[in-house]
Amino acid sequence: MITSTTKIRVRYAETDRMQFAHHTRYFEWFECARTELLREIGYSYKSVEDDGTFLPLVEANCKYIQPALYDDILEIHTSLKSLPRSTLKLDYQIIRSEDQILLAEAFTIHAMTNKNGRPIKPPIKFLNFIKENI
Amino acid sequence: MITSTTKIRVRYAETDRMQFAHHTRYFEWFECARTELLREIGYSYKSVEDDGTFLPLVEANCKYIQPALYDDILEIHTSLKSLPRSTLKLDYQIIRSEDQILLAEAFTIHAMTNKNGRPIKPPIKFLNFIKENI
Amino acid sequence: MITSTTKIRVRYAETDRMQFAHHTRYFEWFECARTELLREIGYSYKSVEDDGTFLPLVEANCKYIQPALYDDILEIHTSLKSLPRSTLKLDYQIIRSEDQILLAEAFTIHAMTNKNGRPIKPPIKFLNFIKENI
Amino acid sequence: MITSTTKIRVRYAETDRMQFAHHTRYFEWFECARTELLREIGYSYKSVEDDGTFLPLVEANCKYIQPALYDDILEIHTSLKSLPRSTLKLDYQIIRSEDQILLAEAFTIHAMTNKNGRPIKPPIKFLNFIKENI
(Lines give C-alpha, C1' and ligand atoms only; values in the text may rest on other atoms or scores of the structure.)
Protein backbone atom coordinates (compact mmCIF):
# COMPACT_ATOMS: atom_id res chain seq x y z
CA MET A 1 0.00 0.00 0.00
CA ILE A 2 1.16 3.50 -0.84
CA THR A 3 -0.22 6.44 1.10
CA SER A 4 0.13 10.17 0.78
CA THR A 5 -1.27 13.23 2.53
CA THR A 6 -2.01 16.53 0.82
CA LYS A 7 -3.14 19.73 2.51
CA ILE A 8 -5.71 21.97 0.88
CA ARG A 9 -7.25 25.19 2.12
CA VAL A 10 -10.88 25.70 1.08
CA ARG A 11 -11.07 28.62 -1.37
CA TYR A 12 -13.84 31.20 -1.30
CA ALA A 13 -14.67 30.28 -4.89
CA GLU A 14 -15.25 26.72 -3.69
CA THR A 15 -18.09 27.66 -1.36
CA ASP A 16 -21.76 27.80 -2.27
CA ARG A 17 -24.78 29.65 -0.95
CA MET A 18 -25.34 26.88 1.62
CA GLN A 19 -21.99 28.10 3.08
CA PHE A 20 -20.43 24.70 2.36
CA ALA A 21 -17.58 23.80 0.06
CA HIS A 22 -19.42 22.67 -3.06
CA HIS A 23 -19.50 18.90 -3.49
CA THR A 24 -17.96 19.04 -6.98
CA ARG A 25 -14.77 20.55 -5.60
CA TYR A 26 -14.02 17.50 -3.47
CA PHE A 27 -13.27 15.61 -6.67
CA GLU A 28 -10.91 18.38 -7.72
CA TRP A 29 -9.09 18.01 -4.40
CA PHE A 30 -8.85 14.24 -4.88
CA GLU A 31 -7.24 14.95 -8.23
CA CYS A 32 -4.68 17.19 -6.52
CA ALA A 33 -4.15 14.51 -3.90
CA ARG A 34 -3.43 11.69 -6.36
CA THR A 35 -1.14 14.06 -8.29
CA GLU A 36 0.86 14.50 -5.11
CA LEU A 37 0.91 10.76 -4.39
CA LEU A 38 2.40 10.16 -7.83
CA ARG A 39 4.91 12.98 -7.35
CA GLU A 40 5.98 11.42 -4.05
CA ILE A 41 6.70 8.05 -5.64
CA GLY A 42 8.84 9.88 -8.18
CA TYR A 43 6.62 9.79 -11.25
CA SER A 44 4.54 12.95 -11.51
CA TYR A 45 1.25 12.67 -13.37
CA LYS A 46 2.59 15.25 -15.82
CA SER A 47 5.43 12.87 -16.62
CA VAL A 48 2.97 9.96 -16.87
CA GLU A 49 1.04 11.90 -19.54
CA ASP A 50 4.25 13.07 -21.22
CA ASP A 51 5.16 9.36 -21.49
CA GLY A 52 1.85 8.74 -23.27
CA THR A 53 -0.27 7.22 -20.50
CA PHE A 54 -3.58 8.75 -19.47
CA LEU A 55 -5.74 7.92 -16.47
CA PRO A 56 -9.29 9.02 -17.32
CA LEU A 57 -11.92 8.31 -14.68
CA VAL A 58 -14.26 5.39 -15.01
CA GLU A 59 -15.91 5.82 -11.63
CA ALA A 60 -15.97 8.36 -8.84
CA ASN A 61 -17.68 8.06 -5.49
CA CYS A 62 -17.77 10.31 -2.46
CA LYS A 63 -19.57 10.04 0.86
CA TYR A 64 -20.03 13.45 2.45
CA ILE A 65 -20.07 13.17 6.24
CA GLN A 66 -19.54 16.70 7.55
CA PRO A 67 -19.33 19.87 5.46
CA ALA A 68 -16.01 21.54 4.71
CA LEU A 69 -16.21 25.30 5.19
CA TYR A 70 -14.46 28.35 3.81
CA ASP A 71 -10.83 28.68 4.86
CA ASP A 72 -10.74 25.23 6.51
CA ILE A 73 -7.46 23.41 6.15
CA LEU A 74 -8.11 19.86 4.98
CA GLU A 75 -5.83 16.84 5.00
CA ILE A 76 -6.52 14.52 2.13
CA HIS A 77 -5.22 11.05 2.80
CA THR A 78 -4.83 9.06 -0.40
CA SER A 79 -4.06 5.38 -0.66
CA LEU A 80 -3.28 2.99 -3.46
CA LYS A 81 -4.08 -0.42 -2.03
CA SER A 82 -3.33 -2.71 -4.95
CA LEU A 83 -1.27 -2.78 -8.13
CA PRO A 84 -3.08 -1.35 -11.15
CA ARG A 85 -4.32 -3.90 -13.69
CA SER A 86 -6.70 -2.77 -16.40
CA THR A 87 -7.82 -0.11 -13.93
CA LEU A 88 -6.31 1.79 -11.04
CA LYS A 89 -8.20 2.46 -7.81
CA LEU A 90 -7.46 5.14 -5.26
CA ASP A 91 -9.09 5.71 -1.89
CA TYR A 92 -9.37 9.03 -0.12
CA GLN A 93 -10.27 10.42 3.26
CA ILE A 94 -10.71 14.09 4.02
CA ILE A 95 -9.84 15.09 7.57
CA ARG A 96 -10.36 18.63 8.86
CA SER A 97 -6.94 19.64 10.12
CA GLU A 98 -8.09 21.63 13.15
CA ASP A 99 -9.95 18.85 14.97
CA GLN A 100 -9.12 15.73 12.96
CA ILE A 101 -12.79 15.12 12.15
CA LEU A 102 -13.49 12.90 9.14
CA LEU A 103 -15.40 14.95 6.55
CA ALA A 104 -15.56 12.60 3.58
CA GLU A 105 -14.57 9.22 2.22
CA ALA A 106 -14.17 8.56 -1.45
CA PHE A 107 -12.68 6.47 -4.20
CA THR A 108 -11.86 6.96 -7.85
CA ILE A 109 -11.27 4.26 -10.45
CA HIS A 110 -9.21 5.11 -13.51
CA ALA A 111 -8.74 3.44 -16.86
CA MET A 112 -5.26 3.36 -18.33
CA THR A 113 -5.19 4.50 -21.94
CA ASN A 114 -2.78 5.72 -24.58
CA LYS A 115 -3.01 9.10 -26.28
CA ASN A 116 -5.82 7.89 -28.53
CA GLY A 117 -7.95 6.71 -25.64
CA ARG A 118 -7.24 3.02 -26.26
CA PRO A 119 -7.07 0.90 -23.10
CA ILE A 120 -3.55 -0.26 -22.31
CA LYS A 121 -1.94 -2.49 -19.71
CA PRO A 122 -0.10 -0.61 -16.97
CA PRO A 123 3.29 0.40 -18.41
CA ILE A 124 6.31 -1.32 -16.81
CA LYS A 125 7.77 2.07 -15.84
CA PHE A 126 4.57 2.96 -14.01
CA LEU A 127 4.46 -0.41 -12.23
CA ASN A 128 8.10 -0.13 -11.22
CA PHE A 129 7.60 3.24 -9.56
CA ILE A 130 4.73 1.74 -7.61
CA LYS A 131 6.59 -1.44 -6.63
CA GLU A 132 9.55 0.56 -5.37
CA ASN A 133 7.28 2.51 -3.05
CA ILE A 134 5.07 -0.19 -1.56
CA MET B 1 -41.38 7.51 -10.59
CA ILE B 2 -40.74 11.07 -11.75
CA THR B 3 -38.45 11.70 -14.70
CA SER B 4 -37.07 14.81 -16.31
CA THR B 5 -34.69 15.61 -19.15
CA THR B 6 -32.35 18.60 -19.22
CA LYS B 7 -30.14 19.66 -22.10
CA ILE B 8 -26.66 20.99 -21.48
CA ARG B 9 -24.02 22.10 -23.95
CA VAL B 10 -20.44 21.39 -22.85
CA ARG B 11 -18.67 24.68 -22.16
CA TYR B 12 -15.07 25.35 -23.16
CA ALA B 13 -14.28 26.05 -19.51
CA GLU B 14 -15.50 22.54 -18.70
CA THR B 15 -12.87 20.82 -20.83
CA ASP B 16 -9.43 19.76 -19.63
CA ARG B 17 -6.09 19.15 -21.35
CA MET B 18 -7.16 15.56 -22.09
CA GLN B 19 -9.77 17.23 -24.38
CA PHE B 20 -12.58 15.75 -22.26
CA ALA B 21 -15.21 17.47 -20.20
CA HIS B 22 -13.70 17.34 -16.74
CA HIS B 23 -15.24 14.70 -14.49
CA THR B 24 -16.10 17.21 -11.75
CA ARG B 25 -18.44 19.08 -14.08
CA TYR B 26 -20.73 16.10 -14.51
CA PHE B 27 -21.84 16.59 -10.92
CA GLU B 28 -22.57 20.23 -11.67
CA TRP B 29 -24.76 19.11 -14.58
CA PHE B 30 -26.59 16.66 -12.33
CA GLU B 31 -27.27 19.55 -10.00
CA CYS B 32 -28.77 21.52 -12.90
CA ALA B 33 -30.76 18.45 -13.89
CA ARG B 34 -32.34 17.89 -10.48
CA THR B 35 -33.06 21.61 -10.26
CA GLU B 36 -35.05 21.28 -13.48
CA LEU B 37 -36.85 18.15 -12.25
CA LEU B 38 -37.99 20.07 -9.18
CA ARG B 39 -39.02 23.05 -11.29
CA GLU B 40 -41.09 20.73 -13.51
CA ILE B 41 -43.03 19.31 -10.57
CA GLY B 42 -43.79 22.88 -9.54
CA TYR B 43 -41.47 23.34 -6.59
CA SER B 44 -38.19 24.89 -7.67
CA TYR B 45 -35.16 24.15 -5.52
CA LYS B 46 -34.88 27.88 -4.86
CA SER B 47 -38.39 27.74 -3.33
CA VAL B 48 -37.46 24.62 -1.39
CA GLU B 49 -34.55 26.52 0.19
CA ASP B 50 -36.67 29.64 0.67
CA ASP B 51 -39.08 27.41 2.61
CA GLY B 52 -36.22 26.36 4.87
CA THR B 53 -35.37 22.93 3.51
CA PHE B 54 -31.87 22.09 2.29
CA LEU B 55 -30.70 19.03 0.39
CA PRO B 56 -26.94 18.68 1.01
CA LEU B 57 -25.27 15.69 -0.58
CA VAL B 58 -24.45 12.63 1.45
CA GLU B 59 -23.22 10.55 -1.46
CA ALA B 60 -22.40 11.06 -5.12
CA ASN B 61 -21.43 8.41 -7.65
CA CYS B 62 -20.74 8.56 -11.35
CA LYS B 63 -19.68 5.92 -13.84
CA TYR B 64 -17.95 7.48 -16.84
CA ILE B 65 -18.52 5.39 -19.95
CA GLN B 66 -17.57 7.60 -22.91
CA PRO B 67 -16.08 11.09 -22.67
CA ALA B 68 -18.19 14.19 -23.27
CA LEU B 69 -16.40 16.66 -25.52
CA TYR B 70 -16.42 20.42 -26.06
CA ASP B 71 -19.64 21.76 -27.58
CA ASP B 72 -21.45 18.41 -27.30
CA ILE B 73 -25.13 18.68 -26.51
CA LEU B 74 -25.99 16.32 -23.66
CA GLU B 75 -29.35 15.07 -22.47
CA ILE B 76 -29.42 14.44 -18.77
CA HIS B 77 -32.20 12.08 -17.80
CA THR B 78 -33.01 12.36 -14.12
CA SER B 79 -35.31 10.09 -12.17
CA LEU B 80 -36.70 10.03 -8.69
CA LYS B 81 -37.70 6.41 -8.12
CA SER B 82 -38.99 6.48 -4.57
CA LEU B 83 -40.47 8.88 -2.06
CA PRO B 84 -37.86 10.67 0.06
CA ARG B 85 -37.57 9.46 3.65
CA SER B 86 -34.61 10.57 5.72
CA THR B 87 -32.74 10.84 2.44
CA LEU B 88 -33.62 11.51 -1.18
CA LYS B 89 -32.04 9.57 -4.06
CA LEU B 90 -31.83 10.66 -7.67
CA ASP B 91 -30.55 8.69 -10.65
CA TYR B 92 -29.04 10.18 -13.79
CA GLN B 93 -28.05 9.14 -17.27
CA ILE B 94 -26.12 11.33 -19.68
CA ILE B 95 -26.90 10.69 -23.34
CA ARG B 96 -25.02 12.48 -26.13
CA SER B 97 -27.74 14.12 -28.14
CA GLU B 98 -26.25 13.61 -31.58
CA ASP B 99 -26.05 9.81 -31.55
CA GLN B 100 -27.91 8.85 -28.38
CA ILE B 101 -24.83 7.16 -26.91
CA LEU B 102 -24.82 6.68 -23.13
CA LEU B 103 -21.90 8.63 -21.69
CA ALA B 104 -22.42 8.27 -17.95
CA GLU B 105 -24.64 6.85 -15.23
CA ALA B 106 -24.82 8.35 -11.80
CA PHE B 107 -26.72 8.82 -8.60
CA THR B 108 -26.78 11.35 -5.79
CA ILE B 109 -28.17 10.88 -2.29
CA HIS B 110 -29.25 13.92 -0.33
CA ALA B 111 -29.98 14.54 3.31
CA MET B 112 -32.92 16.75 4.18
CA THR B 113 -32.02 19.42 6.71
CA ASN B 114 -33.28 22.71 8.07
CA LYS B 115 -31.35 25.97 7.90
CA ASN B 116 -29.13 24.93 10.79
CA GLY B 117 -28.12 21.67 9.13
CA ARG B 118 -30.31 19.55 11.41
CA PRO B 119 -31.81 16.48 9.72
CA ILE B 120 -35.55 16.78 9.19
CA LYS B 121 -38.29 14.54 7.85
CA PRO B 122 -39.44 15.39 4.32
CA PRO B 123 -41.80 18.39 4.65
CA ILE B 124 -45.45 17.66 3.72
CA LYS B 125 -45.35 20.35 1.04
CA PHE B 126 -42.35 18.69 -0.58
CA LEU B 127 -43.99 15.24 -0.44
CA ASN B 128 -47.20 16.59 -1.89
CA PHE B 129 -45.48 18.06 -4.93
CA ILE B 130 -43.83 14.69 -5.51
CA LYS B 131 -47.02 12.67 -5.00
CA GLU B 132 -48.91 14.85 -7.48
CA ASN B 133 -46.33 14.14 -10.13
CA ILE B 134 -45.75 10.40 -9.80
CA MET C 1 -21.37 45.39 -35.74
CA ILE C 2 -22.49 41.86 -34.95
CA THR C 3 -24.60 41.22 -31.87
CA SER C 4 -25.90 38.11 -30.19
CA THR C 5 -27.89 37.29 -27.08
CA THR C 6 -27.40 34.15 -24.99
CA LYS C 7 -29.51 33.09 -22.03
CA ILE C 8 -27.91 31.50 -19.00
CA ARG C 9 -29.50 30.33 -15.76
CA VAL C 10 -27.29 30.75 -12.69
CA ARG C 11 -26.30 27.31 -11.40
CA TYR C 12 -26.15 26.46 -7.71
CA ALA C 13 -22.49 25.53 -8.16
CA GLU C 14 -21.88 29.07 -9.40
CA THR C 15 -22.96 30.69 -6.14
CA ASP C 16 -20.68 31.48 -3.22
CA ARG C 17 -21.18 31.95 0.51
CA MET C 18 -21.99 35.64 -0.09
CA GLN C 19 -25.10 34.26 -1.91
CA PHE C 20 -23.88 35.82 -5.17
CA ALA C 21 -22.86 34.16 -8.39
CA HIS C 22 -19.10 34.03 -8.06
CA HIS C 23 -17.28 36.66 -10.11
CA THR C 24 -15.12 34.09 -11.91
CA ARG C 25 -18.20 32.51 -13.48
CA TYR C 26 -19.12 35.66 -15.36
CA PHE C 27 -16.09 35.07 -17.58
CA GLU C 28 -17.29 31.51 -18.20
CA TRP C 29 -20.66 32.92 -19.30
CA PHE C 30 -18.95 35.39 -21.63
CA GLU C 31 -17.15 32.43 -23.15
CA CYS C 32 -20.49 30.69 -23.74
CA ALA C 33 -21.86 33.94 -25.16
CA ARG C 34 -19.09 34.45 -27.73
CA THR C 35 -19.35 30.76 -28.66
CA GLU C 36 -23.01 31.39 -29.51
CA LEU C 37 -22.20 34.58 -31.44
CA LEU C 38 -19.80 32.61 -33.61
CA ARG C 39 -22.33 29.80 -34.04
CA GLU C 40 -24.90 32.34 -35.17
CA ILE C 41 -22.64 33.76 -37.88
CA GLY C 42 -22.15 30.20 -39.11
CA TYR C 43 -18.64 29.44 -37.87
CA SER C 44 -18.74 27.72 -34.49
CA TYR C 45 -15.70 28.14 -32.28
CA LYS C 46 -15.23 24.38 -32.42
CA SER C 47 -14.88 24.68 -36.20
CA VAL C 48 -12.53 27.65 -35.79
CA GLU C 49 -10.24 25.48 -33.64
CA ASP C 50 -10.67 22.49 -35.95
CA ASP C 51 -9.45 24.78 -38.74
CA GLY C 52 -6.34 25.53 -36.68
CA THR C 53 -7.13 28.97 -35.27
CA PHE C 54 -7.14 29.63 -31.53
CA LEU C 55 -8.35 32.68 -29.67
CA PRO C 56 -6.56 32.74 -26.31
CA LEU C 57 -7.32 35.69 -24.06
CA VAL C 58 -4.95 38.59 -23.79
CA GLU C 59 -7.20 40.71 -21.60
CA ALA C 60 -10.42 40.33 -19.68
CA ASN C 61 -12.32 43.02 -17.84
CA CYS C 62 -15.62 43.00 -16.00
CA LYS C 63 -17.48 45.68 -14.09
CA TYR C 64 -19.88 44.16 -11.57
CA ILE C 65 -22.86 46.44 -11.02
CA GLN C 66 -25.50 44.31 -9.29
CA PRO C 67 -25.06 40.71 -8.12
CA ALA C 68 -26.50 37.79 -10.07
CA LEU C 69 -28.24 35.32 -7.79
CA TYR C 70 -28.99 31.61 -7.83
CA ASP C 71 -31.55 30.57 -10.43
CA ASP C 72 -31.62 34.01 -12.09
CA ILE C 73 -32.04 33.95 -15.83
CA LEU C 74 -29.47 36.22 -17.43
CA GLU C 75 -29.32 37.63 -20.93
CA ILE C 76 -25.79 38.08 -22.15
CA HIS C 77 -25.58 40.56 -24.97
CA THR C 78 -22.37 40.18 -26.93
CA SER C 79 -21.11 42.50 -29.60
CA LEU C 80 -18.24 42.49 -32.04
CA LYS C 81 -17.78 46.13 -32.99
CA SER C 82 -14.82 46.00 -35.36
CA LEU C 83 -13.08 43.56 -37.66
CA PRO C 84 -10.37 41.51 -35.95
CA ARG C 85 -6.79 42.51 -36.76
CA SER C 86 -3.98 41.11 -34.67
CA THR C 87 -6.51 40.88 -31.87
CA LEU C 88 -10.25 40.44 -31.57
CA LYS C 89 -12.36 42.40 -29.06
CA LEU C 90 -15.78 41.48 -27.78
CA ASP C 91 -18.07 43.49 -25.53
CA TYR C 92 -20.67 42.07 -23.18
CA GLN C 93 -23.56 43.20 -21.08
CA ILE C 94 -25.40 41.01 -18.59
CA ILE C 95 -29.06 41.87 -18.13
CA ARG C 96 -31.25 40.11 -15.56
CA SER C 97 -34.11 38.73 -17.58
CA GLU C 98 -36.85 39.32 -15.03
CA ASP C 99 -36.51 43.09 -14.67
CA GLN C 100 -34.02 44.01 -17.42
CA ILE C 101 -31.56 45.43 -14.87
CA LEU C 102 -27.95 45.73 -16.04
CA LEU C 103 -25.78 43.51 -13.83
CA ALA C 104 -22.39 43.72 -15.49
CA GLU C 105 -20.42 45.15 -18.39
CA ALA C 106 -17.32 43.52 -19.73
CA PHE C 107 -14.92 43.02 -22.57
CA THR C 108 -12.45 40.37 -23.63
CA ILE C 109 -9.54 40.78 -26.04
CA HIS C 110 -8.23 37.71 -27.83
CA ALA C 111 -5.06 36.97 -29.72
CA MET C 112 -5.32 34.92 -32.89
CA THR C 113 -2.82 32.08 -32.96
CA ASN C 114 -2.13 28.83 -34.76
CA LYS C 115 -1.91 25.45 -33.06
CA ASN C 116 1.59 26.20 -31.81
CA GLY C 117 0.56 29.45 -30.16
CA ARG C 118 2.17 31.62 -32.85
CA PRO C 119 0.30 34.86 -33.58
CA ILE C 120 -1.42 34.84 -36.96
CA LYS C 121 -3.40 37.32 -39.02
CA PRO C 122 -7.16 36.71 -39.02
CA PRO C 123 -7.78 33.87 -41.51
CA ILE C 124 -9.75 34.89 -44.64
CA LYS C 125 -12.44 32.32 -43.83
CA PHE C 126 -12.91 33.86 -40.39
CA LEU C 127 -13.07 37.40 -41.81
CA ASN C 128 -15.55 36.34 -44.46
CA PHE C 129 -17.98 34.89 -41.93
CA ILE C 130 -17.79 38.17 -40.03
CA LYS C 131 -18.18 40.38 -43.11
CA GLU C 132 -21.24 38.45 -44.22
CA ASN C 133 -22.91 39.11 -40.90
CA ILE C 134 -22.15 42.77 -40.28
CA MET D 1 2.21 49.64 0.42
CA ILE D 2 1.55 46.09 1.62
CA THR D 3 2.76 43.15 -0.43
CA SER D 4 2.31 39.43 -0.17
CA THR D 5 3.33 36.38 -2.20
CA THR D 6 1.25 33.22 -2.52
CA LYS D 7 2.28 30.03 -4.28
CA ILE D 8 -0.23 28.05 -6.30
CA ARG D 9 0.26 24.88 -8.31
CA VAL D 10 -1.91 24.67 -11.44
CA ARG D 11 -4.49 21.89 -10.98
CA TYR D 12 -5.46 19.49 -13.76
CA ALA D 13 -9.06 20.63 -13.37
CA GLU D 14 -7.87 24.16 -14.13
CA THR D 15 -6.60 23.30 -17.61
CA ASP D 16 -8.64 23.45 -20.80
CA ARG D 17 -8.44 21.76 -24.18
CA MET D 18 -6.00 24.45 -25.37
CA GLN D 19 -3.66 22.91 -22.72
CA PHE D 20 -3.63 26.24 -20.85
CA ALA D 21 -4.86 27.05 -17.38
CA HIS D 22 -8.30 28.46 -18.09
CA HIS D 23 -8.49 32.25 -17.85
CA THR D 24 -11.32 32.16 -15.27
CA ARG D 25 -9.10 30.38 -12.77
CA TYR D 26 -6.64 33.27 -12.59
CA PHE D 27 -9.32 35.25 -10.76
CA GLU D 28 -9.75 32.37 -8.33
CA TRP D 29 -6.01 32.47 -7.65
CA PHE D 30 -6.13 36.23 -7.09
CA GLU D 31 -8.86 35.58 -4.54
CA CYS D 32 -6.58 33.09 -2.75
CA ALA D 33 -3.75 35.60 -2.96
CA ARG D 34 -5.67 38.48 -1.38
CA THR D 35 -6.94 36.07 1.29
CA GLU D 36 -3.32 35.34 2.18
CA LEU D 37 -2.38 39.04 2.17
CA LEU D 38 -5.14 39.69 4.69
CA ARG D 39 -4.09 36.68 6.78
CA GLU D 40 -0.52 38.01 6.84
CA ILE D 41 -1.56 41.40 8.19
CA GLY D 42 -3.43 39.58 10.95
CA TYR D 43 -7.03 39.96 9.80
CA SER D 44 -8.14 36.96 7.75
CA TYR D 45 -10.91 37.54 5.24
CA LYS D 46 -12.97 35.00 7.17
CA SER D 47 -12.69 37.24 10.24
CA VAL D 48 -13.50 40.29 8.13
CA GLU D 49 -16.77 38.62 7.06
CA ASP D 50 -17.42 37.33 10.57
CA ASP D 51 -17.13 40.98 11.69
CA GLY D 52 -19.82 41.91 9.17
CA THR D 53 -17.76 43.43 6.36
CA PHE D 54 -17.93 42.08 2.83
CA LEU D 55 -15.72 42.89 -0.15
CA PRO D 56 -17.71 42.08 -3.29
CA LEU D 57 -15.99 42.82 -6.59
CA VAL D 58 -16.85 45.91 -8.54
CA GLU D 59 -14.20 45.43 -11.21
CA ALA D 60 -11.73 42.76 -12.26
CA ASN D 61 -9.10 43.02 -14.95
CA CYS D 62 -6.40 40.63 -16.10
CA LYS D 63 -3.79 40.87 -18.85
CA TYR D 64 -2.66 37.42 -19.96
CA ILE D 65 0.94 37.54 -21.18
CA GLN D 66 2.11 33.91 -21.27
CA PRO D 67 -0.04 30.86 -20.56
CA ALA D 68 0.19 28.98 -17.26
CA LEU D 69 0.35 25.23 -17.79
CA TYR D 70 -0.63 22.14 -15.83
CA ASP D 71 1.49 21.51 -12.74
CA ASP D 72 3.30 24.87 -13.03
CA ILE D 73 4.12 26.49 -9.71
CA LEU D 74 3.04 30.12 -9.78
CA GLU D 75 3.97 32.96 -7.48
CA ILE D 76 1.20 35.47 -7.10
CA HIS D 77 2.47 38.82 -5.93
CA THR D 78 -0.30 40.91 -4.45
CA SER D 79 -0.06 44.54 -3.45
CA LEU D 80 -2.30 47.01 -1.73
CA LYS D 81 -0.97 50.41 -2.75
CA SER D 82 -3.36 52.77 -1.02
CA LEU D 83 -5.70 52.88 1.95
CA PRO D 84 -9.23 51.70 1.15
CA ARG D 85 -11.84 54.44 0.89
CA SER D 86 -15.23 53.60 -0.55
CA THR D 87 -13.43 50.91 -2.53
CA LEU D 88 -10.34 48.78 -2.11
CA LYS D 89 -7.94 48.08 -4.97
CA LEU D 90 -5.47 45.23 -5.20
CA ASP D 91 -2.83 44.62 -7.85
CA TYR D 92 -1.44 41.23 -8.84
CA GLN D 93 1.37 39.75 -10.84
CA ILE D 94 1.71 36.08 -11.66
CA ILE D 95 5.28 34.87 -12.02
CA ARG D 96 6.10 31.31 -13.09
CA SER D 97 8.30 30.00 -10.30
CA GLU D 98 10.68 27.97 -12.44
CA ASP D 99 11.99 30.76 -14.66
CA GLN D 100 10.56 33.92 -13.08
CA ILE D 101 8.68 34.82 -16.27
CA LEU D 102 5.75 37.21 -15.86
CA LEU D 103 2.57 35.43 -16.95
CA ALA D 104 -0.14 37.91 -16.05
CA GLU D 105 -0.89 41.29 -14.51
CA ALA D 106 -4.20 42.09 -12.93
CA PHE D 107 -6.18 44.19 -10.55
CA THR D 108 -9.42 43.83 -8.63
CA ILE D 109 -11.52 46.60 -7.13
CA HIS D 110 -13.82 45.79 -4.24
CA ALA D 111 -16.72 47.57 -2.64
CA MET D 112 -17.03 47.50 1.12
CA THR D 113 -20.49 46.52 2.29
CA ASN D 114 -22.31 45.30 5.33
CA LYS D 115 -24.24 42.01 5.52
CA ASN D 116 -27.14 43.50 3.63
CA GLY D 117 -25.02 44.67 0.73
CA ARG D 118 -25.13 48.34 1.77
CA PRO D 119 -21.94 50.30 1.04
CA ILE D 120 -20.02 51.19 4.18
CA LYS D 121 -16.90 53.19 4.99
CA PRO D 122 -13.85 51.05 5.76
CA PRO D 123 -14.22 49.89 9.40
CA ILE D 124 -11.65 51.31 11.82
CA LYS D 125 -10.49 47.80 12.73
CA PHE D 126 -9.82 47.04 9.07
CA LEU D 127 -7.93 50.32 8.57
CA ASN D 128 -5.86 49.75 11.68
CA PHE D 129 -4.67 46.33 10.51
CA ILE D 130 -3.62 47.93 7.25
CA LYS D 131 -1.90 50.92 8.84
CA GLU D 132 0.11 48.67 11.14
CA ASN D 133 1.46 46.78 8.16
CA ILE D 134 2.35 49.55 5.71
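The first chain written gets the first letter, and so on, giving A, B, C and D; residue counts start at 1 in each chain.
Operating definition for what follows: contacts are C-beta pairs under 8 Å (C-beta built on N, C-alpha and C of every residue); 3 or more make two chains touch, one makes a residue touch a chain.
The structure displayed is predicted, hence computed values, not measured ones.
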Quiz item: Taking all residue numbers at the subunit A to subunit B contact, is the shared part over half or under half, that is, same or different?
Solution: same
Quiz prompt | Result of counting contacting C-beta pairs for C-D and B-D, higher pair | solution = C-D
Quiz item: Between subunit A and subunit D, what is the separation of their C-alpha centroids in Å?
Solution: 27
Practice problem: Please report how many Å separate the Cα centroid of subunit C from that of subunit D, as a whole number. | Solution: 24
Quiz item: What is the distance in Å between the mean C-alpha positions of subunit B and subunit D?
Solution: 33
Practice problem: Please list all residues of subunit D that touch 2 or more other chains. | Solution: 12-13, 24, 28, 31, 70
Quiz prompt | Arrangement of touching chains [line / ring / star / complete / other] | solution = complete
Self-check item: Contact footprint of subunit D on subunit A as seen in their complex
Solution: 9, 11-13, 28, 31-32, 35, 44-46, 70-71
Quiz item: Once bound in the complex, which stretches of subunit B touch subunit D?
Solution: 12-13, 15-17, 19, 22, 24, 70
Self-check item: Footprint of subunit A on subunit B - complex, ascending
Solution: 18, 20, 23-25, 27-28, 31, 54, 56-65, 67, 117
